[in-house]
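Letters A, B, C and D mark the chains as written, and numbering starts fresh at 1 in each.
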Amino acid sequence: MDYFDIFVSILGSTIRLSIPLIFTALAGLFSERAGIFDIGLEGKMLAAAFAAACLAYVSGNAWIGLLGGIGISIVFSLIHGFASITNRGNQIVSGVALNFIAAGLTVVLAQAWFNQGGRTPSLAGEARFLPIILPGVDVMRDVPIIGPLYANVISGNNILTYLAFAAVPLSWWVLYRTRFGLRLRAVGENPAAVDTAGISVIWLRYRALVVTGFLGGFAGAYLSIAQSAAFINNMSAGKGYIALAALVFAKWKPVPVMFACLLFGFLDAVGNFMQGKPVPGIGEVPVQAFQVMPYVLTCVLLAGFIGIAHPPKAGGVPYVKER
Amino acid sequence: MTPHPAIELAGIDKSFGAVHANKNINLTVAKGSIHGIIGENGAGKSTLMSILYGFYQADRGEIRIDGKAVTIRDSQTAIASGIGMVHQHFMLVENFTVLENVMLGAEGGQLLAKGVSGARKELKRLEAEYGLDVDPDAVIEELPVGKQQRVEILKALYRGAEILILDEPTGVLTPAEADHLFRILKVLRDQGKTILLITHKLREIMAITDEVSVMRRGEMVATRRTAETTVEELAELMVGRRVLLRVEKGEAQPGKVLLSVKNLTVKDGRGVTMVDNVSFDVREGEILGIAGVAGNGQSELLEAIAGIRKPTSGEILIDGQPVAGLDPAQLRQIGLAHIPEDRHHMGLVLKFEEYENSVLGYHREPRYGRGALLDLDAIRKDAEEKIAKYDIRPPNPRLKTANFSGGNQQKIVVAREIERDPKMLIIGQPTRGVDIGAIEFIHRRIIEMREAQKAVLLVSVELDEIRSLSDRIIVMFAGKVVGEETPDAGEQTLGLMMAGAV
Amino acid sequence: AEIKPALVYGTGGKFDKSFNEAAYNGAEMYKKEFGTEYRDFEPTSDTQGEQAIRNFASKGFSPVIAVSFAWTSAMEKVAAEYPDTKFVIVDSVVELPNVRSVVYNEAEGSYLVGLLAGMASKTGKVGFVGGMDIPLIRKFGCGYAQGAKSVKSDMQVFQNMVGTTGAAWNDPVRAGELTKNQIDQGADVIYAAAGASGLGVLQTAADNKKFSIGVDSNQNHVHPGSVLTSMVKRVDLAVYNAYKDLAEDKFTAGVQSNGIKDGGVVYAVDDNNKALITPEMKAAADKATADIIAGTVKVHDYMTDNKCPL
Amino acid sequence: MSTASVPLPNWISYGVLPLLNLAVAFFISGLVVWSIGENPFEALKLLIEGALGRGEAIGFTLFYTTSFIFTGLSVAVAFHAGLFNIGSEGQAYVGGLGAALVALALDHYVPWYVTMPFAVIGAALFGAGWAFIPAWLQAKRGSHVVITTIMFNFIAAGLMVYLLVNVFIVPGKMAPETRTFLPGGQLPKLDWLMALFGMKLGPAPFNVSFIIALVMSYLVWLLIWRSKLGYEMRTLGISPSAAAYAGIPYSRTVIIAMLISGGLAGMMALNPVMGASARLQVEFVAGAGFVGIAVSLMGRSHPLGIIFSALLFGILYQGGADLSFEMPNITREMIVVIQGLVILFAGALEYMFRPAMVRIYQQFAGQKSGGK
């Protein structure tokens, strides 16, 4: 296997591993730009993965599964909104609570409904989003350089992968080219300005959270009914937090978010690939070293060693009308 | 048929818990006039305007606009009724452009693209008509405050406001900017708009209003035609008694130089120079006043002297010793006391009980506990003594600090800093938001410090306060000291210096 | 005699289609045959496993079977507290007079499937995806590699572990990604010894039209035509036999080591994979089985020295 | 709006309201139980019996309680300084390494009461050490401690597994864990304490670390409400700008608070490692660090409140284990759900019932004053 093949393989892996991060980070983008911190992305992803798997299993249709994932993720978002917008509670505490509830409830329900040790039954066929082979793969495959890239990286992904990449420019467009986006960005910087302009801060923030829930649903569905074929106990495995770090790294902007997520996906892919292989000059590195790499990198990024990020000014602070 | 008045308020009543902020307010404002509203801090002016703009709901009473009774549920209905408001603290999104701020809430469609060209055209028209020029693509945080305020006015006009409320619009402006604002307001009035102007500055009332109403403790106590009243009458109506404009004090007996600031430069977090090469001395037994419009570097200067902010360059000497590297705790130890500008965010921890605040900054002193532990009995006893001496009410050291009124909160800070018997005292805005009785009390304490041969540095945006307390006055503008004067200098002179016109 | 049997699973959960499910099947088999009800419990943490074992013992259950090495120390404690109760531990050894320790020679079983993998591979490259990186799983991998290399000494064997914590048993996403990596590198037969994570291996292999090898239970049915075979540990038999022995008063304590010889580890052939195992493969596997039993082929057990001589 | 500023007496703020929030959390948990087809009242009965029914059950309950007191205190100390330490889990994990190293080094030579003080120090030092980098990053670089501590939980898991698998494992043994400590490295059980109340502890691992936990609770109380450092931490926690004005050094105070927090989390390891299993195992913390968040929020970050809410969660954990044993349909994750609901209602929604409570209180108080 020559270096180019390795590169192509890692690139393909990078994309697969980045998709849930991209959806989740974009989800976080909408709530945080609206001034609501959302550490509960992890829980949303998990709950959505569970709901998607359940509904896909029952209906045998992946799209219905996706809708279920979106639905539950929005419900979680709304609870977060109820706590942090309506009741002006601590947003971090609320997010942590929702993460616990998702981690527990998914297993409790999975066990009660399916009796498979907290998993849902395996999905097959139409109940999953299967890889799509783009036209011309067979013709293209033998073209040097472009061929393998087209065949193994661009083609052969499931529909959600393509949707994730479509969601990036779409998010940008919504944020910067629509009325909703203008107001959303404003409410995250100065809710009082939005309020005095005659716009309801509460309603606006709730709508932002619905968008967050919507995108979070895709992330969860990708995990359980596209990337794998069932819901598994705690299958989000910290991706929500990594997505949050990517969001910080990307300074809360949609296109950089995509690149940040690809970077984390790439790290993960390299880690997987390097497992058990000697690193030139160092020798064999313990797998744990690769596994903790994204977490270490997150800390390095947060430490601002790679540029300081200024979060939306009103982030994390419940809005109270000033006198 | 006579035209209806622009605004009629009848029997407006509003309480916040135990605070009765507006009591049975009646007010009539004629169309096409500038109507001033004055009153002490906490008199209820902002509350009344907030009710008019839909921020608060009145408990009782009726609002009529152009003769029609309206229920103003929120800002949106206020805007729809033709009311615009320029708030004391600007309601602008700092990292947005002027255009985006103006459009916010009046975008003219789901997509921005449609509204943008219309908005540009409208901004051009408003600029031509009222002389309100700002670059639509400038980012707010890069604009000077005067221009930011213009954006606020543009926002209101863009929404078709016929009635414009301005809450203390000149507090942050230089005299020149204020003059510009007034010219704009007059043009607006002449075009038929109605303007409600809240201010503490009686001079401004006399200069541009047609009528003026006075509020006191939640009540509307009088309305006068401006042409038929005087500054003295208004002051008396405001406070309810004759006001002593000058504080009694003896001759200054300045001793040796205690605090010396040499070529001090301070930059803020973004690297903007806030204090620019400032030098001055403060002697024992004198009060040096620093006058200036808010935001000209006084806050940063005070913070640098108090050790809260690191100066970029220059020297600060106390008793001849350089102290620029010391932190606030070390500075306290060598006898520097600091009454900060902002008691809510700096001087006090509002969630603490009173006695805990009475040692803030001095909590490590041995008299408040040896070793690692605090001696709560000693602290409470100490707090009780200060409460008695400064007449802090209610006299309860276990009460949460947030539950004291502004004046009493300020007394807690003043008592803590002065009772320490410091060598020198630096003070920012000692009487901001404080009622008249407390103001006199605090002023007397400051004079006493001077009489006891302490060095006092006083920063205030209130010219009257500066002039009545200080022995010497320096004026800051744009981070620089633009000159030194005696307290006898005319208001005009100082005003011009504060505007950077000298 | 009438018995009151109990079963405590490992933390992977009852229906992992693998190890725990095998134990469950054994208990079900006994129940069906003799009509004896049993109680079982799925712990999710270590403290809880110990409590469950003790709970059963204190409520008069016997034998109490605990599957998974994770319950070793728990078993040591509880079995000492209840000397009159019979206990069985699977995958570990507890030396007490009332405990039967059932262990398997996974190295031998893995050797066999490694051999089959080596023969089935067209690329000369095979893969192994383990669950949690512990000696036991390395033992699987080591046996497998020995088997694969017995086919062709230059056979390339990729080995990956899903993780280093208990979560590794439950992370089919990462397992699938590792599998995909190995496939990208040319592997065309991948052996999963990863508990529930193994399902991700099987899934990915099926999605990419490669072969996989299941573990512990017979997993051939999970993706028929793609699962080449399964390395089955007859945990079901261990459970069944323990119940039966006690009921028939034939229960013995001590270590019960199950290798190829006693049919404790086998490679599964059924309708789902009959077509995949060619006669040559079968012949080679049979020969290897005979050689191992005869001792002419020695499969190195990683756990004896924590090394794999390859 | 107007009700937000009305002061309520302490017995309502710290008594009635938390209990009300708790009740709602339990009510919803009951709905979950009911929705999966079990009887919530039956479940509650089983849970309470399982936690308090016998001496042994109480022993287990108190064993869990001990761990939760430590982690609850850990979260609370950081919280007072305005820091939300979600890293107690990882700090406890690494703290276990400190305890184990001491036990492994000394258990051959000295009795447990000599080992214990060193183990306490070792656990605390290692826990504190693990908190140091997030603390430093927060203090000097402004990286949000919530995210960095979560990251450090993951990193701790990687590190500990590496050490257990590659360094500490006993050759030939399956489980990645250290050798069993000799009695010199074990904390004795508190049979005598139970006997005082006429109960038998049985095999429950209720041990001396419970007493250490109580001592730490007292020390934390002393720290927060009676010491100069505690005063500074609270000032910083409530108002960073006032702290700057008062000359309270931000970095130093943040780092010290996190070190104390990490140290307390680390001490939690004494209980399972030296008190129960007498060896260092993978994942021995088993979520106790996260439970600490709920415990601290429930207990309003006050040591006394923490002891009570730790007991509550001890009951939940032990009773829940028994419950899932008796009702296999209810898995143990039910406890995680309850935990999440408690954090939601006692933490994020803590003000939900306040306005209603203010109205009721005012009516009641109004009637009283109207009567005179």
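As a convention for this text, contacts are C-beta pairs under 8 Å (C-beta built on N, C-alpha and C of every residue); 3 or more make two chains touch, one makes a residue touch a chain.
For each chain, UniProt lists the protein as follows: A, D = ABC transporter permease; B = ATP-binding cassette domain-containing protein.
Since this is a predicted model, take the numbers as computed values, not measurements.
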Hey, how far apart are chain A and chain D in touch steps, shortest way? 1
If we define chain centres by averaging CA atoms, which chain lands farthest from chain C? Would you check? B
Roughly how far is chain A from chain B, going centre to centre by Cα mean, in whole Å? 46
Compute the distance, rounded to whole Å, between the mean C-alpha positions of chain A and chain C. 35
Centroid from C-alpha atoms only, then distance chain B to chain C, rounded to Å. What do you get? 76
Between chain B and chain D, what is the gap in Å from one C-alpha centre to the other? 46
Within chain A, the set of residues that touch 2 or more other chains is 118, 288, 291, 321
Residues of chain D touching 2+ other chains? 1, 158, 161-162, 331, 333
Chains touching one another, given as label pairs in label order: A-B, A-C, A-D, B-D, C-D
Per the touch rule above, chain D residues touching chain C in the complex are 60, 157-158, 161-162, 165, 169, 171-177, 180, 203, 272, 276-277, 279, 281-284, 286-287, 321-322, 324-325, 328, 331-333
Once bound in the complex, which stretches of chain D touch chain A? 1, 32, 36-37, 84, 86, 133-134, 137, 141-144, 146-148, 150-152, 154-155, 158-159, 161-162, 166, 290, 293-294, 297, 329-331, 333-341, 343-344, 347-352
If you look only at chain D, which of its residues touch chain B in the complex? 1-3, 5-7, 222, 226-229, 231-232, 234-235, 238-239, 241-242, 244-249
Mind listing the chain C positions that touch chain A in their complex? 12-16, 20, 42, 133, 158-161, 163-164, 167, 170-174, 176-178, 180-181, 184-186, 196, 199-200, 203, 207, 222
Could you pull out which chain B residues touch chain A in their complex? 46-47, 50, 53, 55-56, 74-76, 78-80, 85, 87, 89, 91-96, 100-101, 103-107, 109-113, 115, 155
